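Here come two complexes built around subunit A, the first alongside subunit B, the second alongside subunit C.
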Partner chain A sequence: MVIEMIYKDAIIYSNLLALASIGLTLTYTVTKVPNFAHASFLTIGCYVTLTITVLLKLPTYISLPIAFLFGTIIGASVYVLVIKPLIKRGADIVRLMIATLAIDIIIFGILNIYADILDRLGIFSRNFLLRDYDFKLSNIEGIFLVSSLLIIFLTLFLYIFLYKTKYGIAIRASIENPSLARVMGINVENVYMFSWSFSAGLASLSGSLFPLWFAAFPDTGITLLPPIFASSIVGGFTSIFGTIIGAYIIGLGESLLIYYLSLVVGYWILAYKQMFSVLMIFITLLLFPRGISGILFEKVMKKWLK
Partner chain B sequence: MVEIIVDIISLVSIFVIINLSLNLEYGYTGIPNFGKVFFVAAGAYVVGALTGRIILWIYGLKIDFIKENSLAVTKINEILSNEIFIGVLVFIFVLTVSLIVGALLGFILSLPAIRLREEYLAISLLILGEALRIFAYNYEPLVGGTLGVSVPDPFIWVNNYGINRFHFYAILLVSLAFITYFLVNRMVNSPLGRTLRAIRENPLTAEVYGKNIVRYRMKVLMISSALASMAGGLYAFYTANVIATTYNRFDWTFWPWLMVIIGGLGNNIGVTLGALIVIVTRKLIVIYKYSFEKIFPFRIEWLEYILLGIVFIMILIYKPEGILKEKPVETIPREKIEKLRKTERF
Partner chain C sequence: MKSKHSKYNFKQIFLILTFLVLILLAGCAKPEEKVKPVAAPAAEVKKIPKEITIGVLLPLTGDLAAYGKNVREAILIAEEDINDFLTKLGLDTRVKFLIEDTETKPTTALTKLQALAAKGVKIYIGPMTSAEVRNIKTYADVNKLLIISPSSTAADLALKGDFIYRTVPDDTFQGKAIAKMVTDYGIKNVVVIHRGDAWGDGLYREFSKRFKELGGNVIEAIRYSPEAKEFSAEVKKLADLISDAVKKYGEDKVAVVAISFGEIVTILKQASGYDILMEVVWFGSDGTAKLDDVVKEAGKEASEVKLYSTLFAPTESLKYKEFYNKFKEKTKSEPHGYSVIAYDTAWIVVYSILLTQSTDSEKIAKILPEVAKSFFGASGWMLLNEAGDRAAGDYDIWMVVEEEGKYIWKKAGYYSSTTDSVTFLS
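And then the complex of A and B:
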């Protein structure tokens, strides 16, 4: 029974990680900015769920579309208010990265203010866990089903969207060569804005599921930053499908590998769970800088050529 | 009021050292170090872990420094209040160790740092800072894990002469900041400084002119990491306490970047000014905190985060070069060069 719980935990964690890190990869490939505020978009989702379920007492899963919408609005406004003016004024990548750090700190401040206000209203807003608000199908928790279905659906959707629709082709064109895409009549600014809002939306969606299984607090984003970046980097940082695989490597590794290791070397190792993602980042950057997508692609190509 | 000014002076001095090291890295050489907290924390942990243990070892006291921390520190402070020589010696020794550890870490990290692109370097340093915090928070033998450790005060004897401890530290920190400022300023206005700027502007051209960029970057990372580590150690001595949660990326990565960008990249006076502006603003907010807190239904420090974040973004957008612009390199006047030539020192 305990073993089963650990598998469930690992899969839910990986699902949420995949949902969150897709957006990081998308913003990086499209606008070439590693967004350090990305994990804070996830925390926003956590608080949307808290507001909907506890404050407004509405059904839990209503929070999914609302968190997604809220996330897209925030992502779009971040792009319009901060990133776009900076790119326009020719800011280099370092300045853009610092700007995302500043956004992170602003979001952190706002979330803490909101948490303080909720506290005043008598709602437990730090370290909250909403497992009781989830539904259960015989023995399986709702979040397990929903998050798994979401990932399958999203992978299919992204595949069809990026490779089969005109807008998807426009996005890929602006990634490959922005100036040429502009010449061909693609509104590149529009694509940038879409990528920022869509990825913030996904992170927020992932965050809205988070408190249904894990305890959430205003620092959730800060603690999840290493695994989210690790998923993207292990996945190659430029490939969305690589990122999904990367998220499962990080998520399952962090939960299952460390768990089985703890049976051998002792439970003390569980405290250093997060070091796994740090290690993976360094191993990937030093040994396979192109990540999973690079390795897989080369192998597939070799097989095809033979 | 005096306490606040003394506190501001000490904090500004510590941050001036950190900012100078960041300026050396990014402002002059173009290495974006987003993991400043890593080096600062390393220095602080050296101080937290070593100072007490060394003195316990010198006097042969059998007290566990981590488990019986308050007892150990009280005992040590009792001893040190009469031992001026040992106190100063331990202070210098521990600070030197933190410098060496910082330089060593800078050296180790420069190996991947030279190979990685800007954004990957920034990500890995930022994540590394987080990793060190997680490690120190969980690994008790280092600095006491979740509870932290108290650091014995090597200058506790100043009380015997009727000097306030904090006043003494303010003077000490200011003088160390001045020395650092002087040395860094000399460095960036020397041929080395010009080479660094050339590397920042165009690494390829610098390489064509026969400069070994890899070694220059390595040197800069070592020196600036050592400085940051020293600053962390000084902060640990100043607050007489080390706990892993203090060394987070907001306080020790974000604030130095904010100060450096506000003051002006590549300008040492600007960087100092930046530290002064940000710290005075933060202190003012802290002072008026209680009167604000009656109006707002939340803790005021969150508002401080939001305001400074917004100010930072505004500056990045509207005044990216900061208050003081980078000045051209100071070169020796022509007459002086000719004089030198006559004395045949060339």
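And then the complex of A and C:
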């Protein structure tokens, strides 16, 4: 099967965006904190893959579970050390947002230090691309298969986890009414920590795949922040499944839609394709404030989305 | 009863959006700052202070990190050599270069300049890119901060009477060099893919102007955002255009001209998904020449398309060899053309300070062209033109080849600006 490169590019980009955006929605839905450091968890995953593949010379795909685990540890640490104490002191949303911005700057600094250390070890650590380390299965790149399968698996897993398990019900209860959940004996703080930990793990997992197709830098996450937020907001900002759809709208839009649009309006539009994310945020908020989850699937997926 | 958590909070969304837009603007905007003079202009110094502080603004991270780090090494060597020289003169003055990272971002360059200016620093080497120089220009002019860039080449920054000097020839020279290189290679039709910033737009303009004069045909130019990390739409468009052109003119009469920085790695990798793009030759510029990123991360693709790239050529001399050997011994790597220029720039700044017995930026700005006129450094004669930019320069042509299983940059020829001619080595 031959898939034209632009479709492969668009699907891989959308898959990675979806993997990264789910976590942003999850932390916002559960703890009501829009995490501006979320995209930097993705960059951490990029450097885990670089370390595993180039420094330790281990098989590339081993980095996926390691990046996920590493991400969960970082996410849990951020919650325990920064977010939880701030919430306890009654910090409002602005303070929490600024705190996440500060975390983002700290992670960026640490990543730069780590990149310098790798440089000194003779490893090319900025603008690195690991496509040559990927496998191919009858002309289809490993990342295309793996990222697509991961999205399918994750969607199924999240559905079963959130709707068919006790812990999933506890999470939903904590989202709906934290006080009542506490009365019912649910440890809401544990649920909050889980959401931060799992979210960071997913972003890091997405990042671990990123350099297998795109060049990565310490600021990769920062540049991906607008499309990640756009995916989440277009998806409704409080709906995990809406976010996955939002990620495909943004991912496919930034590449395929802009390409086809350039055939009609001219090449000049290619230079402005990054505005697509921001434009979609504005359109969503002005016309469909509840995002994709509020329009297309409200009736069909009511049970899932609430 | 619905809890407050399940409600869609428009206020919160608005806040988030505001933050997001601010972040985006910080990344790509060119702030029209209300420029205020820095706190207190440093009092005119009657004699040289014990420590001469010179600011250095380099892209140590970001798209041009590889160049920035190479230049940093040259500046550190210059600091050592200049301080030895001052000791030999019997002076107890020492030169200190304060190196700051601009992250290859115009906004960060301005922030770092403001921070150093607040410390009283009045003379600067860098920044490296034209986009950064353009963004700091107004602030530097108003505050009389002397900016000497060793690598900014955008032609529209060649202005008389400002506080911006550039010790490298502007892109009218490089545009001619690339146009001549392409036509002498036998190519008459090109598709250009270029960065949408001061440097990319300027070099594209200079190249296409000269290329058309030489009888060439620019089929189309694809302009991309300098912030972009993914180029699927641009590369697909490039493949469409090249495919049509090859059908019309033949494979050996069509080429791609890529005016890019480090993002060329992703562009080449994405281009490798289209056979037609790997069948034609590619040309580059000083943004890609000798870039480690290319040979380390996209060496196979670059060697297939050659990626002939121009880079300012230091004049071969004993002085150059002496610097080259010192650099290689210290860093185990070769100096970049702009590193050689940065080394010389440090010297002409210090000579100007010694001559004027002052660190006043206005006095230095006045004397600098005279000092440069009589200075033959590791990069050659530093003569500046009326706009304060290097008056002329030749270019080496570099290409990517595979040798002993490794991808390397190899000199493929050179361009002489005096005779407007290209000589390919093989």
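We adopt the following convention: the second predicted complex is superposed on the first by the 293 of 306 C-alpha atoms of A that agree within 3 Å, B and C clash if a C-alpha of one lies under 4 Å from a C-alpha of the other, contacts with A are read in each partner's own complex, and residues count from 1 in each chain.
Following the convention adopted for this analysis, a residue touches a chain if its C-beta (ideal position, glycine included) is under 8 Å from a C-beta of that chain, and two chains touch if they have at least 3 such contacts.
Here the structure is a predicted model, which is why all the values come from computation and not from measurement.
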Room on subunit A for both subunit B and subunit C (clash or fit): clash
Partner chain in contact with A:Thr60 - subunit B first, subunit C second, else both or neither: neither
Which superposed partner A:Ser195 touches (first subunit B, second subunit C, both, neither): neither
Which of subunit B and subunit C A:Arg126 touches, first, second, both or neither: second
Which partner, subunit B or subunit C, touches more subunit A residues: C
Partner chain(s) touched by A:Asn15 [first = subunit B, second = subunit C, both, neither]: neither
Which of subunit B and subunit C A:Pro85 touches, first, second, both or neither: first
Partner chain(s) touched by A:Thr51 [first = subunit B, second = subunit C, both, neither]: neither
First, second, both or neither for A:Ala102, with subunit B first and subunit C second: first
Partner chain(s) touched by A:Thr27 [first = subunit B, second = subunit C, both, neither]: neither
Which superposed partner A:Pro226 touches (first subunit B, second subunit C, both, neither): both
Residue range of subunit C overlapping subunit B upon superposition on chain A, of 77-85, 131-139, 275-283 or 347-355: 131-139
Footprint overlap on subunit A, comparing subunit B with subunit C: 32, 34, 36, 93-94, 97, 101, 112, 222, 225-226, 229, 233, 271-272, 274, 278, 281, 285, 289
Subunit B-facing residues of subunit A, complex: 28, 32, 34, 36, 82, 85-86, 89, 91, 93-95, 97-99, 101-103, 105-106, 108-110, 112-113, 116-117, 120, 222, 225-226, 229-230, 233, 271-272, 274-275, 277-278, 281-282, 285-286, 289
Residues on subunit B engaged by subunit A in the complex (per definition of touch): 26, 32, 34, 112, 115-116, 118-120, 122-124, 126-128, 130-131, 134-135, 138, 248-250, 253-254, 257-258, 261, 297-299, 302-306, 308-310, 312-313, 316-317, 320
For the subunit C and subunit A complex, residues of the former touching the latter: 3, 5-6, 8-10, 12-13, 15-17, 19-21, 23-24, 27-28, 61-63, 65-66, 103, 196, 220-225, 227-230, 232-237, 239, 262-263, 265-266, 269-270, 273-274, 292-293, 296-298, 300
In the complex with subunit C, residue positions of subunit A that touch it: 5-6, 8-10, 13, 32, 34, 36, 93-94, 97, 101, 112, 115, 124, 126-129, 131-132, 175-180, 214-215, 217-220, 222-226, 229, 233, 237-238, 254-256, 258-259, 262, 267-268, 270-274, 278, 281, 285, 289-290, 306
